[in-house]
Each structure stands twice: as C-alpha cells, then as structure tokens.
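All chains are identified by letter, namely A, B, C and D, in their written order; residue positions are counted from 1 within each chain.
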Amino acid sequence: MTLQLVRRQVCELHAELVRYGLVVWTAGNVSARVPGEDLMVIKPSGVGYDELTPEAMVVCDLDGNLVAGDYAPSSDTAAHAYVYRHRPDVGGVVHTHSTYASAWAARGEPVPCVLTAMADEFGGEIPVGPFALIGGDDIGRGIVETLDGHRSPAVLMRNHGVFTIGRTAKAAVKAAVMTEDVARTVHLARAYGEPVPIDGKDVDALYDRYQNVYGQRSTTDGAIVR
Amino acid sequence: MTLQLVRRQVCELHAELVRYGLVVWTAGNVSARVPGEDLMVIKPSGVGYDELTPEAMVVCDLDGNLVAGDYAPSSDTAAHAYVYRHRPDVGGVVHTHSTYASAWAARGEPVPCVLTAMADEFGGEIPVGPFALIGGDDIGRGIVETLDGHRSPAVLMRNHGVFTIGRTAKAAVKAAVMTEDVARTVHLARAYGEPVPIDGKDVDALYDRYQNVYGQRSTTDGAIVR
Amino acid sequence: MTLQLVRRQVCELHAELVRYGLVVWTAGNVSARVPGEDLMVIKPSGVGYDELTPEAMVVCDLDGNLVAGDYAPSSDTAAHAYVYRHRPDVGGVVHTHSTYASAWAARGEPVPCVLTAMADEFGGEIPVGPFALIGGDDIGRGIVETLDGHRSPAVLMRNHGVFTIGRTAKAAVKAAVMTEDVARTVHLARAYGEPVPIDGKDVDALYDRYQNVYGQRSTTDGAIVR
Amino acid sequence: MTLQLVRRQVCELHAELVRYGLVVWTAGNVSARVPGEDLMVIKPSGVGYDELTPEAMVVCDLDGNLVAGDYAPSSDTAAHAYVYRHRPDVGGVVHTHSTYASAWAARGEPVPCVLTAMADEFGGEIPVGPFALIGGDDIGRGIVETLDGHRSPAVLMRNHGVFTIGRTAKAAVKAAVMTEDVARTVHLARAYGEPVPIDGKDVDALYDRYQNVYGQRSTTDGAIVR
C-alpha cells in the first residue's frame, strides 16, 4: 500500500467517527501504520473533520516526529506512536471522547461483558487504564499495559476517553464504534437492576466464533489476532 | 414476486434499520421468505450497510444452506431459517441490537405494555426469550417458543438483542422500529415512578382496532394475523 | 388560502416532525383548518412520511367525514375534528408520540415549568389529559377540557402521547417541537435533584413578553392568543 | 474584515448550532463583534435556521440598537451587547438552550471538571449564573460577573440555558459545542457513582497545554486569552 493510499484511508475513516457520533469539533483521531515502514499517518491537530483531505494527513515516524505534511500532527501523536512501537501486531489506532464510554471512564469503571455483542468483539470487559497526562509516553504506556492481559481492543483511559487498536485502522474504528455502542447499552441496562452476567465459557465460545467464523473470508476487517 | 424483487426489497429495508438508528457497523439483518418457494433472502455476513446491493443479497434454503449469492450468509441465518420452517405465516424476520431494547434484554426483563402504541402494535408486553448461543437452532427455537402465546411480533433474546417477525419483511422492520421506540419511552418513563398500567380490555380494544382498521385497505404492511 | 396551499403546507409540516425526531414510521400527524370553511386537511392513515405529497393529503369536514382525497384519513381524525369544532381560535393541530413527552404521559405526570423556554411557550406546566380510547370523541374532549384553564398549547394524553394546538398549523408544530425539547430537558434535570422552581410572576412576565414581543411583527408563527 | 464577511460568518456559524443539535426551532443565536467598530452582527428574532442568509443578519450598536438590517434583532441582543461593552477581549457570543447543559442550569448546579476535555477547554468547572429576566441588562451582567474569576468561556444561566464567549465567534461556537458535550458526559457519568475528581494541578497543566500548544499555529480558533 502506497503512502498516498494510507493517507486516503485515514482521511476517510475520520468520516466514520463523525457518522457514528463519536466525536465533536476536532476531538478524536485515527492513525494507521504504513505497511513495511516505521511510519504512521495521523490527523493534523485542531483541524475540523469537514476540512480533512488525504493531503492534509500528517506522516510521522514511530517516535512521533513529523516526517511529511503541511500541518502539525495530532496532539495525541505520542500515544499512537508508543502503541505502534510496542505492539507490532497493531496496524491502526483510534482515539475518541465518545459520550457513554467517557462516562464510564470518568468513574474509572470497566464495562462488564453482559451482551453477546461484547463477547463477540471484546471477549470480556472493556478495561480501564490509568489517569495520564498528555504530551509524553504516559498515555501510550497506559494503553499498552492495560490491554496486555485483555482480549479487548479498547481501553477506557480514566477521566479521558477511549483508545482502540486493530490489525487495520478500519478494525480499530470498528472497535471504537462498538465500544460506544455497548457502553451505551450497558449504561442503560443498569438503570433498573444489574444485567444478567454471561458465563465465562459462553463468552469464550462467542469470542472464538466471532473472531474466526464471522464475516467474509476475504475480509480485511478482522480484530487483533493474538 | 420474482427473486430479484425480493433481493431488492431486502436490500432496501436494511437502509431503514440504518435510518432509524437500530444498527451500527454490520450488526443487524433483514430476511424475507421467497413467496411460493422454500427459500429466503438474507444479508451477507459482515458487509457494511453502505455496500449492500440487491446482487449482494444471499439466497438460502430454509435449512440455512447457501443456494445462490457471492457471499457467505449472515451468521444469524440459522435463526431466521428456523423461524421460517416453524412459522409458515411469517414472511419476514429482522434482527437488531437496538440500544434500549437490548438494555431490557440484558436485564432479561420484558417491556410492559404502558403505551397505547404498544397495545396497537404488540397487543401486550414484549417478552424475553432465553439466552442462546449462535450457530445452531437454539436462537430460532427460543424465538418461536417465546412468541407462541404472545401477540407481540418482537422478542428480546436475553443478553443479546431483538428478533421481530411479520407477514412481510416490511412489517417485521416496522416491528423492529416500534420495539426500539417503545423500549426507549418505557425505559424513560420508569425513571421517576412506575408508569400507569393500561387495563387488559383496553389493550385488547386498541390491538383489535389497530390490526383491523388502521392504515389503507390496500396496505401490504400489516402485522402477523393469528 | 386555497385548499391546494393548505394541502402543501400540511404535507411540508410533516417533514418537520421527522426532522425533529418526533415521529417514527407513520405514528404522528398534522392537520390544518381550511380558512373560511368548515373543513380540515389531514394526513392519510398509515402512509409513510417519505411518501407524502400534497395530493395525498385528505380533506375532511369538521365531523371527520371524508370530503376529498384518495386515501382514508388518519385514525386520529376524530380527535382533530373535535378540537376544530370546539376551539374556533385553533387553526392547526399536531399529534405525536415523541419520546420524552410520552414518558411523562405514561406516568400521567405534568411537566413542571422550570425553564424560561417553558414559561415563554407554555406559560406554565404542560398538563396531562385523561386516558381515552381512539375512535370516538373521547380523545378530542380530553384535549379541549384539559387545555381549558391552561396557557399551554400542548397536552400529554395519559399513556398515549402529545396533542398540540396553534393559531396556525405551523404554530402547532412549533409547540410539538418545544414540548419534546422541554420534556427532555426537565426529565434530565430531575435526575440529580429537583429543578429550581420559577416564580409565578416571572413565568407571567416571560410568557407575556414572548407572546407579544418575540419574533418579527409580520410573523404568522404565533401561539394561541386568548 | 468587512461587515459583509462578518454577516456571512455569523450566518454560517448558526448552521453549526443546528449540526451539533444545540438548538431547536429558533431558540439560539450567535453574534460577532465587527472588528474595529462599536458594532455587532446578530441573528434576527424568530427566524428559522433554514431561512438565514447573510443579508438577513442584523447589525446593532453595542447598546443593542438596530443599525442596519431588514429584521428585528434577536430578543437576546441586550445580553450580547452587554458582554461586548464589558469584555473588549470578546469577539463572539453564543446562546443556546442545549439539552444537557440546560438540565444542569435548571438545577442551578455547575458542571464539575472530571474530564480532561473539560480541563482543556474550560480550565475547571462550568459555573452557574443567576436567574435573570430577559429584556434589560440583567442577563448580560449575570454572564460577565459569573465568568469573572473563572477560566470557563461558558456560563449556565439558572433555569435558562448557556451563554459562551470567545476571542472569535467561531471560538464561542466551539465552546457551546464542548459545553453540551461535557455536560452530557458528566451527567451520564454520575448515574452510577461520583466521577473521579482531577487534581487541580493536573487541570492547570491540561488547560495551559491546550490553550498554548493544541492546534495549528495559524489557527484563528483559539479560546479567550486572559
């Protein structure tokens, strides 16, 4: 995949964040690893989603340094870069402040796995990572360390929002969409009593089936394989 | 109705699921029985709603085996097929994880009939079916057994989501839309005290009138007649 | 205003119900009195909002009998007709099952006036009318009797939904939009304690100003003047 | 910037209020100071957002008197004018009744700073101003006095809604969008326990960084600099 194709894909995937209502104004971003190179493509900082073009996307190395592009990269670039450096299986990273997921994050509470759709996509709870200030490696480290030991491609960073990973940027966007969807449903479910838990072995069966059977065999939209 | 017309109708009805916010990403599907044949048309698995075309729709027999189509059928095909085999009056089946309905399903709690619109469309509560794993006949059997003895064209499958049936696929889509609408309204109503119950005889009167008087006489949009 | 103009206006106003999310499928309707005649124009029963055209609108007399049109009139026609017969100042009537307003209606609880926007438009609480079955004069009578003694152009019919009135059909649509808006805001406000009441004299001052000063002098969009 | 450019910008920014769901019908407005002159451009009163054109925008002096335009100015003009007279650093003012923010306002409760996005944009809580009747200087004075001593560009006026300020009208619109976004997230977060507080020094660090590092250096979209 040429760099130009990656730029176009990253640009187009931001439109999915808007379509699914995961972002307002400029608060959320998608990045993709450039296959075969130590580079990533990411959103420029503070630019509105309507104004994004493939050319406006920014190319950085995996330390977050600007390599090519007319704009300064997203202020979340360091976190994305940390993930790419420490997780070679990850091809895409997404960050949002989507509403219901951020509400769980504000309480520092993981989303329990009480929906078959959660078992499918997350293989268990969506975990919570630490409070971390922007600007250095703290957020990235919090993401990687929290996801280690979970099947979930999503982590709720405390008082902050959501980071998701995927084998591709599209898979990371899907994980971000599903995170908000299940965070909302489980939030509502709890209003009148605790949701019924799903047995661990059923969660395992659902997760295994979804990761291995669901979709078309030629899909490029799979989740992280571990 | 030719097979091509059924494919187009099933394709177009998926757009209604999107329009009414009942689905995200690829999680939800519509099927229709092919009139006069032991066949059904259903969504391909894992394909986005934007990419659906009449040609992409999949034709299966009523055991869920692929008969025609370029894609693998929805992973929910076995459940749809079970319903068609056991309910000859059913011409369409819809499955969603719509938010409020799935929240009731996560608690395993039926939606009580406290709105005239519920009496009209559902003739009583929206019942809850069992927890069932995907892949065999368990979901289909849970749908059919739960709806037996209810006037509701919708069932909340525990920890999972909604299945609806109709004389036509359009009627099943309408039932899915109404399920989410009333699940949301009753969820909100309960926030500050229990909603006022509706007398059983008033529920009967409303249901009978709606099923027999509402709409245009030439409509093809009716609910299940029992 | 010719009958054709009224048909077009009523058709177009249904699109506002859709735009503001007050209706799903076919559940909601607008009517307008034909100026200078004992006639009303109303939505046909069970026809989707996308399929509405000025020609599809139905003309009825003020007893609800069909006068002109290719379709059967809305099943709510008797209620609209009752209002026109008993309230000569009313030029438009709207009915919806909008979500938050219907949630208050399901509890049979009026929306208290705790927002300046409510004082402006409703001049006090939004009252609750009785439970009434569709088909005769019960709903219409419930609307008229409940609104008598309130400044509100909206009434929540118990376990049912909203009816609004206006000097024009557009004003009634505006009242329906504002009803859902304030029903939602006050619902949310109560989640963490009671909203602060507004003094009666301040409600009066806000209502008087809004009804008499707000907007452009040539507006045709005013509320009911009593 | 010529007057015509300001009119166009103010017209276009109203579309952002609609896009982000902050307003219904005609209830919300944007104004901008005309650079280098004692003038402001504001929405006409009671005109729908679809009907707004640059030419329909109204020019007033900073006492709220009509200077140019075919329509009567917004009924909130006096409040906007008061802010411009007392805050020479302010170039734009926005007023909405956005749902979640107005729910906090109805309880008279500030939104606590429990999200990093709040620390970024507001530098602390979103404060509550007094109940004030429309028509004189009371609302404007309440806005200015409440924002004095807060870093927040937004104030919740009790029982009423939101006013935001910005160095530009676009920055004020952004603040209105972010106000509703964080008011909603924190509302939801509280449903199941108190959100985790953010340390004051972390709030300071986040605010300082966001105001000084975020975005592109050439941006005209900054917040108020004090």
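To be clear about the criterion, a residue touches a chain if its C-beta (ideal position, glycine included) is under 8 Å from a C-beta of that chain, and two chains touch if they have at least 3 such contacts.
Computed from a predicted structure; not experimentally measured.
Trainee: By the touch rule set out at the top, what is the minimum number of steps from chain A to chain D?
Mentor: 1
Trainee: So if I look at the partners of chain B and the partners of chain C, which chains show up in both lists?
Mentor: The common neighbours do not exist; no chain touches both.
Trainee: With chain centres defined as mean CA positions, report which chain is farthest from chain A.
Mentor: In terms of C-alpha centroids, the chain at the greatest distance from chain A is C.
Trainee: When chain C meets its copy chain D, do both sides use mostly the same residue numbers (more than half shared) or mostly different ones?
Mentor: Counting which numbers both chains contribute, under half are shared, so the two copies meet through different residues.
Trainee: Please compute the C-alpha centroid of chain B, do the same for chain D, then give the distance between them in whole Å.
Mentor: Distance between chain centres: 44 Å.
Trainee: List the centre-to-centre spacing of chain A and chain B in whole Å, with centres computed as mean CA coordinates.
Mentor: 31
Trainee: Find every residue in chain B that makes contact with two or more other chains and list them.
Mentor: 191
Trainee: Can you tell me, using the touch rule above, whether these chains form a line, ring, star, complete graph or other shape?
Mentor: The chain contacts form a single closed ring, each chain touching exactly two others.
Trainee: I'd like to see which chains touch which, written out pair by pair.
Mentor: A-B, A-D, B-C, C-D
Trainee: Across the complex, what residues on chain C touch chain D?
Mentor: Going through chain C, the ones touching chain D are 20, 114-117, 174, 177-178, 181, 184-186, 188-189, 191-196, 198, 202, 205-206, 209, 213-217, 219, 221.
Trainee: Help me check something: in the complex, which residues belonging to chain B touch chain A?
Mentor: Where chain B meets chain A, its residues are 24-27, 44-47, 71-72, 75, 97, 99-100, 102-104, 106-109, 131, 133-135, 158-161, 187, 190-191.
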